[in-house]
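One chain, chain A, appears in both complexes that follow, with chain B as partner in the first and chain C in the second.
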Partner chain A sequence: MTTVARRTLPLLPLLVVPAVALNLLTFLYPMIRLLSLAFYEGFPGGGIGDELSLAVWQSMLEDDFYPGLLLNSLWTAIQITVIALVCAYPLALFVHRAPARWRNILVVACISPLLLSAVVRTYGWMLILGDAGFVPSLLRAIGFDPPRLVFNATGVVIGLAEILMPYMILSLLAGFGRLNPTLDEAAASLGAPPFTVFRRVILPLSLPGVLLGCLLVFVLSVSSFVTPKILGGGRVLLLATEIYDQAIVTLNWPLAAALSLVTLIVFGCALVAYGRIARRVELGSA
Partner chain B sequence: MRDTAETAAPHLRLEGLEKRYGDGPPAVAALSLTLGKGQMLGLLGPSGCGKTTTLRMIGGLIEATSGRVVVDGRDVTELPPHRRDMGIVFQNYALFPHMTVAENLAFGLEMRRVPRAQIRERVQAALDMVRLGTLGARRPRQLSGGQQQRVALARALVIEPSILLLDEPLSNLDASLREEMRGEIRDIQQRLGITAVFVTHDQAEALAICDHIAVMRTGNLEQFGSPEEIYEHPANAFVAEFVGRINRIRATRDADGTLHVGAATLATRVPGPPGPVQIMLRPHRLRLGAVTEPGWTTVTGSIHRTVFVGDVLICEVAVAAEGDAPMILNVERHTEGAMSVPQRGEPASVSWREADMMVFAGTGAAA
Partner chain C sequence: MRGPRIGRMAFGLIVLLMFIFLLAPVVLVVPMSLSAGSTLEWPPPGWSLRWYWALLEQREMGEALRNSLYLAILVTVISLLVAMPACLALARGRFRGREALLALLSLPLLLPSIVLGLALLLVFVQFGLLGSWTGLIMAHLLATVPYALRVLNTALGTLPASVEEAAASLGAPPSRVFWRVTLPLMARGVIATAAIVFLVSFDEVVITLFVVGPQLTTLPVWLFHYVEARMDPLVAAISVLMILFTLTLVMVLERAIGLRRAVGSQQ
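Showing the complex of A and B:
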């Protein structure tokens, strides 16, 4: 065993060379090119200045629109993450506790929405939430005046929360490994009523999965632009949609690059926060 | 010392307790028994006999289909587990991995809203009781199996439950530790005078530490009694074979009670319905050689094999009975002088006292 390992070990680093090379070429290089764009001036019609400049950043800071955009993006992503968590948690727990022969079927059912393009699912939500859609009609039928559910932030939050839920469910299931129904029984036998069992035993043991799912859904909701574009009807402005608009519509590439850099910093902060909290959770349960 | 159920005040009573899943035969069928205060009940049987189901019904972890669980005269059948006041030690210990040992123990006390200072005191006392006084700050996974077992026991006992339930608590330990732990569990149980129910498939464990044993098979209570009663006077062939080592001889009985083993006829008559019977004999109650005194019965055969196990020499004597496995015989080894070890194939006879002979109707083929 050890001799085999020793003999093959020198070859192992060579095996990663293709992947590293591919990544350097197709990911890191464009990334650096893109981000360096943020430090040139942009001109209407797609012109890019020749000299390094902070003009883009200056205009971003002077304009109230961009800080607001950042805050709005964060707030929307947080709402989506919380809703996805609250909806996915009981579902994931149910799947986890299901008899073994059902579990695989249920897992597949939970993640099968991923087989459909997000665009298709977004149009599905348009049909459900739109003015003549199922939900408003139902509300009208039982005598409520339905609030507007599409072409505003509400629609974006509802749609994205559902579209990203499979990722949350998968993360939660991955993090539920330490849950064990016998622990619930032990807690109950020690006098814990059902909700206390959940609060003191199930929830703490599932925190790693919760954290992972939140990170994933948060990052995905900050970066998605198709669903906000369609369900927001152009009225919901987020970092991702603005990047798209600046890059494709206005052709202001330096501004798009700067916004991308801001988004990247948001992701970095989310990762650091995740790492810190995850370590504390691990220490608390290691 | 063992109290009998009659002298101790009844504490736990099961009345026609039954569990059914679907239309099949019940997992536990109309089980009724009474346990005195401070006594330890062993639920003993092979896997699938319903012993764990019974324990879980007592603890409220599964609902009984019918019947009642009565503790101190109070019907607790409908109570959820968190209101039953029973300490449970699980087979896999079920310690909370995200809490320290001390936090595990404190959990039940916190649920009972015991003041903080008192919790610390009682947790420490419980840890000292199971000889883990210095390990309160450890995590469960930093402990050995035996230590985890002790923590599980301490956690179930620190809440001072009315009844302690133990679900095969020793089955995950290695043999030497198992014997040590069972003694420890028994000591603590007796010192605290707590009523306990102990589920096990190991008859030696049940005999060693329980005041009463309920032998179960496929959901039915086969016999309920003290270890001595179960061992000396098994109610049927199943109990006789399950508890302790035993020799089984297939024989036939005539209408007048005469017993035939193969071609041989025994000197003893045991009245009963004619037909096939099983004669059950404890190996250590047998004697090698013919005994002609009244009250003794002798069969003849030949030495099949001898096994030396130190304190005892086991002689396997093949008794001439159609197609039967040789019956095994224990002979106490003489400590002084050379003991003659019988050789394989040597003719030998085996004798036993009539009083030690247990005869059950049937061939035992189904058992």
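Showing the complex of A and C:
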């Protein structure tokens, strides 16, 4: 049997060639070119210097705008991650505990928004938060003077937290997989009040899912572009929106490339931090 | 038992609020699309189908929709043709560097689209591919092939190689093993992959924004520019149609392999 199977093998690896060729053409080569471009001088209008230089980096560090941009992006992403976690946790716990035949429907309801265009979902938030939108009209009707909810950071944070919530729910559900309902029943039957059951049993066991969800939502909010652009109305400046502006509007490609490299470094740092914390959590619960 | 009951009601209330939070933007688009007004004011001043009729007059949008549909179909077919053999080689072949290759092929999924889009822009400028069909197809394949590989890999992973070996040991040549055993057994996985790839391509906006040209645009890019420039219920009308379309594909996916596995496999 194995001899027959083995006879078919020599040519089998060749089947991967088209996929690899496509990857080299549309991914590896463009990425190498992008990263190398960050080390040339750039001139607005598409001009690129001839020699390797750190001019872009020097100008970024001298200008207060760019360090501020990075901090603003990180702070916005942290706010979004915390809100998404707080909102998704009870939902995921509810879905996890639902009876099997309901669970499937609930999971589909929670994550199918992911398959909808980001433009459509952002537009939906415009309907809710816009100046004449659902929430401001409601607040006005009950006698409040509504604060401005769009074209500022508030709108971006609310909108993105909701748009990225399905990723958090998915990760939490994966984490809850290790949570056995008999465990919290056991704790409760021994007299633990519900909050103690949550703090001492449910929360520690779900930490790996929490970490994964936070990582995903954090990196996705650092790199998201459509929602900040529309809900921010050009007034919320983040790494991703600045990359787009430099690439498409100002045509300063080396600067856009350098900002991309900064984004990738943020991604790398988030991954390393995740790895470290996840290992400590695993050790702690073992 | 008074304490727990109040606690459970509070928990239920929080869950309900969070469900509303999660689904509100998708749900509120429906009444807004039926507004008789011409702004996004709430509540709408009256009800009408005028924005649905207005869709028919949007010539540019119609063209963008047609482009998006052609593109998504082409990209789905090519993605399957590229990812299916690669997946077979990676799952069934025994050669060095398999893990590394799979990682390389999945890597685009982990990196921010905005960076991928910029990288393609820089290379497409060089080769004159901006605003061309070739460029658009390549850009979308960059986004879809890693998805296709992941979902197919999951489907193939649940299929024991021993079934194929049994067929081969009975004298079936490799091509017949593939067409008569492997493919039928993973048909659901292939359907799910096609549905996911189609949706990813049809909804792709960030990478596409970097590579479209004035003559060739897609529906999400057109919508993005429209929403950036002005706000009226027209987009609500097209959104409702897109939601219905997505729901149909979600049901296909759910039936084929389960939505959670299809979407979850991207991590």
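Operating definition for what follows: the second predicted complex is superposed on the first by the 261 of 286 C-alpha atoms of A that agree within 3 Å, B and C clash if a C-alpha of one lies under 4 Å from a C-alpha of the other, contacts with A are read in each partner's own complex, and residues count from 1 in each chain.
As a working rule, a contact is a pair of C-beta atoms (placed from the backbone, for glycine too) under 8 Å apart; a residue touches a chain by one contact, two chains touch by 3 or more.
These numbers come from a predicted model, not from an experiment.
Of the two partner chains, chain B is the only one touched by A:204; chain C is not.
Contacts of A:269 after superposition on the shared chain: neither chain B nor chain C is touched. With both complexes superposed, C is the one of chain B and chain C in contact with more chain A residues.
Once the two complexes are laid over each other on the shared chain, residue contacts for A:178 go to chain B alone; chain C is not touched. Look at A:109: by the touch rule set out above, it reaches chain C but stays clear of chain B.
Of the two partner chains, chain B is the only one touched by A:190; chain C is not.
By the touch criterion defined above, A:71 lies against neither chain B nor chain C after alignment on the C-alpha atoms of chain A. Taken together, the two complexes place residues 193-194 of chain A in contact with chain B and also with chain C. Interface residues of chain B, counted against chain A in their complex, comprise 59-61, 80-88, 90, 92, 94-98, 107-108, 111-112, 139, 155-156, 159, 165. On the side of chain A, the complex with chain B involves touching residues 178, 180, 182-183, 185-194, 196, 200-201, 204-205, 284-286.
On the side of chain A, the complex with chain C involves touching residues 1-2, 4-5, 8-9, 12-16, 18-20, 22-23, 25-31, 33-34, 37, 87-88, 90-91, 94, 104, 107-128, 130, 132-134, 137, 159, 162, 165-166, 170-171, 173-174, 193-195, 212, 216, 219, 222-223, 225-226, 229-230, 240, 243-244, 247-248, 253, 256-257, 260, 263-264, 267. Residues 3-4, 7, 11, 14-15, 18-19, 21-26, 28-29, 32, 39-43, 81-83, 85-86, 88-90, 92-95, 101, 104-105, 107-108, 110-116, 118-123, 138-139, 141-142, 145, 149, 161, 164-166, 168-169, 174, 177, 199, 202-203, 205-206, 209-210, 220, 223-224, 227-228, 231, 235-236, 239, 242-243, 246-247, 249-250, 254, 258-260, 263-264, 267 of chain C are the ones that touch chain A when the two sit in their complex.
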